[in-house]
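In what follows, structures are represented as structure tokens.
Each of the next two complexes has subunit A plus one more chain, namely subunit B in the first and subunit C in the second.
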Partner chain A sequence: MPKQQRAPKWYPTEGPATGLTKTIEKKPQGVAKLRKSITPGTVLILLAGRFKGKRVVFLKQLESGLLLVTGPFKINGVPLRRVNQAYVIATSTKVDIAGIDTTGISDKPDEKTKRHFFSRVVAEQKEEGEGEFVSTEAKKSGLTEERKAMQVKVDESVIAAVEKTPMMKDYLKSRFSLEKGQFPHLMKF
Partner chain B sequence: MVALVGIDATEMADVKRAPKVATKPPRLYVKGSFVTFRRSNANQRNHCAILQIEGVNSKEDVEFYLGKRVAYIYKAKRARGKHSRIQKDNKQTSRFRVIWGKIQRAHGNNGLVRSAFRNNLPPRALGGSVRIMLYPSRI
Partner chain C sequence: MPSREAFIEIGRLVCINYGKDSGKLGVILDICDTMTALVDGPNLKRGIYNFRRMAVTGIKLPISKSVKSTTLYKAWEAADLDGQFGKTSWGQKLARQERRKNLTDFERFKVKVLKAKKNKIIKSKLKELKN
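And then the complex of A and B:
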């Protein structure tokens, strides 16, 4: 009697690939779309963070999608700073910053150094002396000369534009705050 | 009227400068209160908190606040390290604590609002104040 072909003892748990399942390639997350109300020169109100309530001038949207703003520093103490759109109210007030050069400021990390204009710079702590006489130098602020120079350069043109409009300087100096009886859903920014 | 007789240069400098008045921190939130948990007569759904926002009295007014973050702030006995992003060595401590939430949708026609918090609000918060922040902003 011929030996019958036996059924295989082991079966694979998954069948052959049928091609019905899709491998969806993750799309690179695009840059946040800038709100229509935010154009270069718009005065923005910062809603959170160290400078909450301050009115600042919007310069441009950086590569990461964050907004580049400046006080200007001399007017209200806000330096060249990045801010997320969601934490900002755009007012209808605009400053004419047509000729301002902000090309040196970028968010995109340099391929070699992996750093960009806003990368945090941590000064190394220097320890002098030994043993009990160790004294550590205070951590220097992360401000590079490049940033200071760029601040002065950009603010020069912004302040010139600001001074053309009466009361704009005082407006940027003042802080936004909700008072009694003021409700944002009834306010026109 | 300050008597200028007999004051030397250093004192003059102090006299001239007006005392620095501490400016009030700006209020960048809308006041609200935690009215109730979402519920029917006999069943309560604690994951949904119904809030009343000051000045909001109709369903149309609620549209501005959709998605806005809400904070329930309370004090505790034990001081805890504050979340400090940059200066990790400078540990500020605080007895204030927050439960964060979000406004999800309107509740009814009269301006009440449904919200969900990361952790459900404790029952002692009923009737208590809540802060509705102005972010994430859509204006």
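And then the complex of A and C:
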């Protein structure tokens, strides 16, 4: 090669802008699409977590895409809870919850407080505990009065609907389990 | 000797009991060779099926050899083969199996509870009779 046109020792990591590259704007992912088999009032079987195997009633899909379910609490101990669609089997059994008002329950963080219905409540630590003496009366974190009130309100109508069908209450009380010879891919739910 | 007169013959109602067509009814239209026959039915694709894959019923249709599918279905409806087969204990058994396979989760729960209740009553009555 002639001396003037020697190959450069270092090359830039990126070549010159050619104007041919496309910057694709990433579309917002959007909320998970609700399965056709899940409609308000459907009995769902929870597959994971603390309440796995429990049969619960589906209320609505929240803004985040998670499903709002309730036991009802008095029947099987499952409170108003959020659940991911992927960890749920939808049965074909439906409870008639036509008139239920769940508008007060939302996932969307409030603009000012950045909190929503399901936000964790942090316990207020008491100022006691001087030295080695730790206060045994630390306030329990968890439920607000709002949530308790909403639970009672919603469950009232759900339980009324559940009691209309014979054996539905016992059904919701029981847990789902597989027995010998039962294969989920061959079973109808 | 079979308890009923059920021969492989033209017009014989058979139940396919192996493969993806398992449980379906068909009528033998023609015998192809020592192992296979031409079979057709409303839910069955007209074709050659092996005798080993079918179970012979006691019901027979009076048709002639290798009739067209449409003719067969007309004769099928006229004789109400589905109804005839449904009345037999075999047919009822198949229907029961089908029903049990298609139970929903709630129905399965109800069956479990009611069965336990029934057995409890039977056991207590039996105990009563024994004493």
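Simple rule for what comes next: the second predicted complex is superposed on the first by the 165 of 189 C-alpha atoms of A that agree within 3 Å, B and C clash if a C-alpha of one lies under 4 Å from a C-alpha of the other, contacts with A are read in each partner's own complex, and residues count from 1 in each chain.
Please note the rule applied: a residue touches a chain if its C-beta (ideal position, glycine included) is under 8 Å from a C-beta of that chain, and two chains touch if they have at least 3 such contacts.
Everything numeric here is computed off the predicted structure, so don't read it as measured data.
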item	value
When subunit B and subunit C are modelled together on subunit A, clash or fit	fit
Touched partner set for A:F176, first subunit B, second subunit C, both or neither	both
Touching partner for A:W10 - first (subunit B), second (subunit C), both, neither	neither
Partner, of subunit C and subunit B, that touches more residues belonging to subunit A	B
Partner chain in contact with A:M167 - subunit B first, subunit C second, else both or neither	second
Subunit B versus subunit C as contact partner of A:A86, first or second or both or neither	first
Which superposed partner A:A48 touches (first subunit B, second subunit C, both, neither)	first
Which superposed partner A:F189 touches (first subunit B, second subunit C, both, neither)	both
Smallest distance from any CA atom of subunit C to any CA atom of subunit B, in Å, after fitting	10
Touching both subunit C and subunit B, counted on subunit A across the two superposed complexes	176, 186, 189
Subunit A to subunit C touching residues, read off their complex	43, 45, 55, 91-93, 167-168, 170-171, 174, 176, 186-189
Residues of subunit A defined as touching subunit B within the complex	35, 37, 47-48, 52-53, 85-90, 175-179, 183-186, 189
Sites on subunit C touched by subunit A in the complex	101-106, 109-110, 113
Subunit B residues touching subunit A - in the complex, by the definition given at the top	23-30, 54-56, 61, 63-65, 133-139
